[in-house]
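The data blocks that follow each hold one structure.
In the two assemblies presented below, chain A is common to both, partnered first by chain B and then by chain C.
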Partner chain A sequence: MRYVINAMRMNLRRAAQYRASFWMQTLAQLVMTFGDLWAMLLLAERFGGMAHWSLHEVMFFFGPMQIAFAITEMINRGFGHITTLIRMGSLDTMLTRPRGIAAQVILSELDPRRIGSVAVGLTALIVATRELGVCWTLPNILLILWGMAGAIALMMGLFMLEAVVCLFSVQSVEIVNVFTYGGRQTCQYPLDLYPQWLRITFTFVIPVGLCLQYPICHILGKSLGGVEARAWVWLSPLAGPFFLGLMWLLWRWGLRHYRSTGS
Partner chain B sequence: MQTQENIIEVSGLTKRYRRSKGGKGFLGLFRRETEIIEGLTDCSFSVNRGEIVGLLGPNGAGKSTTVKLLTGILTADSGDCRVFGLTPWLERRKAAAHLGAVFGQRMQLWWDVPILDSFRLLRDIYAVPEGKWKRRLDELTDALELQNLLQTPIRQMSLGQRMRAELCGSLLHEPELLFLDEPTIGLDAVSKLRLRDFLKRENADRGTTILLTTHDMSDMLALCPRVLVLGRGRLLYDGALDALLRRYDTLHTLRCIFDRETTLSGLPASVRVQREDEAWTLTFAPAEIPVGEVLEKILSSGKVRELTLKEQDSDELVARMYGDMKLA
Partner chain C sequence: MNFRAYRTAFAVHARQVSRYRGAAIGGMVTQAFFGVMLVALYSALAGEGELLRQTATYVWLQQIFFRAFFTTGGEINEQIMSGSVCYSLLRPIDLHFWCVCREMAAKIVGVSMRILPMFLIQFILPENWRMLPPNSLVGFIQFFLSLLIGFCVIAQVNMITAAVTMRTLDNKGFSGLINLVMMILSGNIIPLTLAPERLQAILRWQPFAQMLDAPIRMYLHTASLGEWALSFGVQLAWLVGLTLFSRALWGHNIRRIELQGG
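Moving on, here comes the complex of A and B:
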């Protein structure tokens, strides 16, 4: 535990070394995420909502997804840079140390700049809450947190999948980005706005829908694509940790077959 | 506990790599031909507590593969490998607590924070108690002359300072076994000598077992009574460095210039004679023909104006050894 805390402090100190750069990049993150929100607002405003969703309901989907993705990126920069870790031999070094590799990879590089995106997501959620008159009862709060946790686990699993591929090709694989960044882009809107195949993909193959969207529907008291969100939404975010677990096994298998580089 | 305990035991260790030949052109994207490369083949040896053992061999001989298998970075294809009685890649975390590793061309400390911060994080990674860590840190900063560098990040250090810092980091948790991969690469003469002294002391005072790879023959001579010679993934020699060097008896080179045109004859065939303008070069092994005998022949052939006798240096010797073992 002391290791985790000290490693996090070290990451902050490193960020503090390049202070100007840190704040500029945090601001850039904020502006970019705000751009996403802005585009959505323009679209929804123009057409008076989207299908059976009002502007503020769409915002209610956007907020938690952005927060969850930003937190995932904060944690997952190390896995995102796995190619560099392999090339520099850092992964070899980690393997000579008496700690789990996944933990070491994560703690090697945290990314506090994503706080900008969290701020925008949170703003969207607060605005939507006030406009929709959503009541934050304890079950609702727990449900949204649980849903976001599921989504974070799921996306961490995706980053891990990408890292496993990198163990063998020593090259970043863009195909997985279709699901990570594409997933964020897709799932910040209600899924029933999309064609069936996309909806199925993001509900069952990469179950972002199960993790976050149905719980949100439950809180809003609405159905998604004709499916009524009932008490089972308390279980569906389990898809996230389950997916992460599978990817973790794959990661362990990958390390067994890791070939290292250079001398 | 202290005496004659095998802390590394390896038998029949084998590691193969599959390398893609990278098919030609566009088709290469679909069909890949692979070839098997022997990283290490049927390797067996053991190391006692307190030994310093050198791993010797040309590039690609399997030195790094051996170190990576022993540290649990790689998984072997077959064979048995025990470090402290543990199979490194199966019980990696348990084994890792007992060992330290420095890879000469790689950074193990964090690049852009003061090294003291790195050392603190290492304390937590290895779960070293605060008091013990502090004492060890004082000891090491003293021995490695790092006192004034603790607040400096690695990126601002010279190569020599960097290596000392890396060594300090790898020894903070008092490992019983230390792996060093080319620790003196790129260091100046003074730094090299200091590093060797430090390693010798570490070994003598604490009984730390050291396994090191180096291309520097003088490192070997100074540090390693025992060497393992690897070539093409096979263990070719395991034994005393002295004995190996004696086997590759040092060659002597005698260079001389006569006052006037002379012919040299009557030398045994084992003496190689070369001539370039007026300078003669004779190469021979003193074990086969004594230096005196060669000198006598020369002196009796004519009036000598210049004469130098040179002993072959250790690098040439290694080159010859590799040549003999068909490695070069």
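Moving on, here comes the complex of A and C:
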């Protein structure tokens, strides 16, 4: 635990060293997320809402998804940069240390700049809450936090999956990015806007639907793709930790078969 | 002025880029995935019909030519950090124009490698999600000419971000911000044709719309001579303006370069 705290402090100090750059990059994150929100606003205006969802309902999906993804990237940048770690041989150094590899990879780079995306996501959520008159009762608050926690675990699992692929081939980075960044892009809208095969993929294979979207539907009192969101939404975010657990086993397996890129 | 050096820079860099097949495949998978996602979303919103077909065409053209946004500008900055920029400075060439040639080579070759596979990928989709053929032969020629200028405009914006990076030696900060704004305002995140009319009147004429948005509009609607002259003129005007600006930035930066050590 001392190691964890120490590493976090060093990461923050590193970010604080280049102050202008830090704020610029935070602003860049903010602009990027705002770009997505802007696209959403334009679409809703052009088509008068989105199918059977109103703009503010869609924003209610957008906010938590962006926040969860940003938090994932904040704590999980190390896995996102695994190719660099492999190419530079840093991963090999880590393997010699008497600490958990996953912990070392994660703590090798924390990324506080994602706070920019969190800010936009939070704004969207607040605006949507006001417009829709959502009542933040204690169960609702707990449910959304629990859903976001599930989604964060799920996306950490996805980054881990990418890392496993990278253990075997540092070439195919861009392809695996499809799952993470493509997933964020897709799941910032309600899934029932998409054709069935996409909806099923993002509900059961990469269960963002189970983690985040059904709980959100429960809070809004709406159904998603004809499925009523009842009390079972309290259990469905478990899909996230379950997915992460599977990926962690895969990562362990990958590491046992890992051959360094050599020097 | 002797153009041989620049032709060689172009050819050498073109050959370099053509080696990266793996990167091209990875890029295409990503572009295809994002294309399908966007078209799926727009089809849910727009229903079937002309609007969907046109929007899908817009999305696919953006994805096919996405590679043109990439920059090789990082190289000159690596040279600056490692000090090997002094060799580039010693050459009897115009460094700015030389780098532009390399940018253009990377764009043209990178895009050419992707056109056919991307076209085939979108062709296996259901008909409503596919690209439309060009509106007419004239429209296609207009599109092609406009696209070439569009690439030049992107190259100049790349040169501006490179100039900013030269100053700050930080390619993620301000330069990253310019790149993001470019993605949003060029129609990559959302087709600019879907914006409300009032907003489009502004969006169409800003510099980032001269990159891919202006050509795609000609692909979708064959422009009359007047419209074409206006659109083409605006593109050229921005190209000239941005070129002057990026040259000024480069000239200023290069005078200030301090080489250390020996």
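Note that in this section the second predicted complex is superposed on the first by the 261 of 263 C-alpha atoms of A that agree within 3 Å, B and C clash if a C-alpha of one lies under 4 Å from a C-alpha of the other, contacts with A are read in each partner's own complex, and residues count from 1 in each chain.
Please note the rule applied: contacts are C-beta pairs under 8 Å (C-beta built on N, C-alpha and C of every residue); 3 or more make two chains touch, one makes a residue touch a chain.
Here the structure is a predicted model, which is why all the values come from computation and not from measurement.
Trainee: When the two structures are overlaid on chain A, which partner does A:Trp232 contact: first (chain B), second (chain C), both, or neither?
Mentor: neither
Trainee: So, A:Trp253: does it touch chain B (first), chain C (second), both, or neither?
Mentor: Neither: A:Trp253 stays clear of chain B and chain C.
Trainee: Counting only touches as set out at the top, which of chain B and chain C does A:Thr186 meet: first, second, both, neither?
Mentor: Touch partner of A:Thr186: chain C, not chain B.
Trainee: Please indicate which partner A:Leu95 is in contact with in the superposed arrangement: first for chain B, second for chain C, both, or neither.
Mentor: first
Trainee: Identify the partner contact of A:Gln17: answer first if only chain B is touched, second if only chain C is, both if each is, neither if none is.
Mentor: first
Trainee: Report for A:Ala7: first if it touches chain B alone, second if chain C alone, otherwise both or neither.
Mentor: The answer is first: A:Ala7 touches chain B but not chain C.
Trainee: Touching A:Phe204, do we find chain B (first), chain C (second), both, or neither?
Mentor: neither
Trainee: Looking at chain A, does chain C or chain B touch more of its residues?
Mentor: Of chain B and chain C, C contacts more residues of chain A.
Trainee: Check chain A for residues that touch chain B in one structure and chain C in the other, and list them.
Mentor: Touching chain B and chain C on chain A: no residues.
Trainee: Quick check on the complex: what are the chain C residues that touch chain A?
Mentor: 22-23, 25-27, 29-30, 33-34, 37, 40-41, 44-46, 168, 170, 172-174, 176-177, 180-181, 183-184, 189-190, 194-196, 199
Trainee: Can you list the residues on chain A that touch chain C in the complex?
Mentor: For this pair, the touching residues of chain A are 18, 20-21, 24-25, 27-28, 31-32, 35-36, 38-39, 42-43, 45-47, 50-51, 171-175, 177-178, 182, 185-186, 189, 193-195, 198.
Trainee: Any idea which chain B residues touch chain A in the complex?
Mentor: Residues 17, 59, 63-64, 68, 71-75, 89, 92-94, 96-97, 99-101, 103, 105-108, 110, 112-113, 117, 120-121, 124-127, 179, 181-182 of chain B touch chain A in their complex.
Trainee: Which residues of chain A touch chain B in the complex?
Mentor: Within the complex, chain A contacts chain B at residues 2-3, 6-7, 10, 13-14, 17, 88-90, 92-93, 95-100, 256-260, 262-263.
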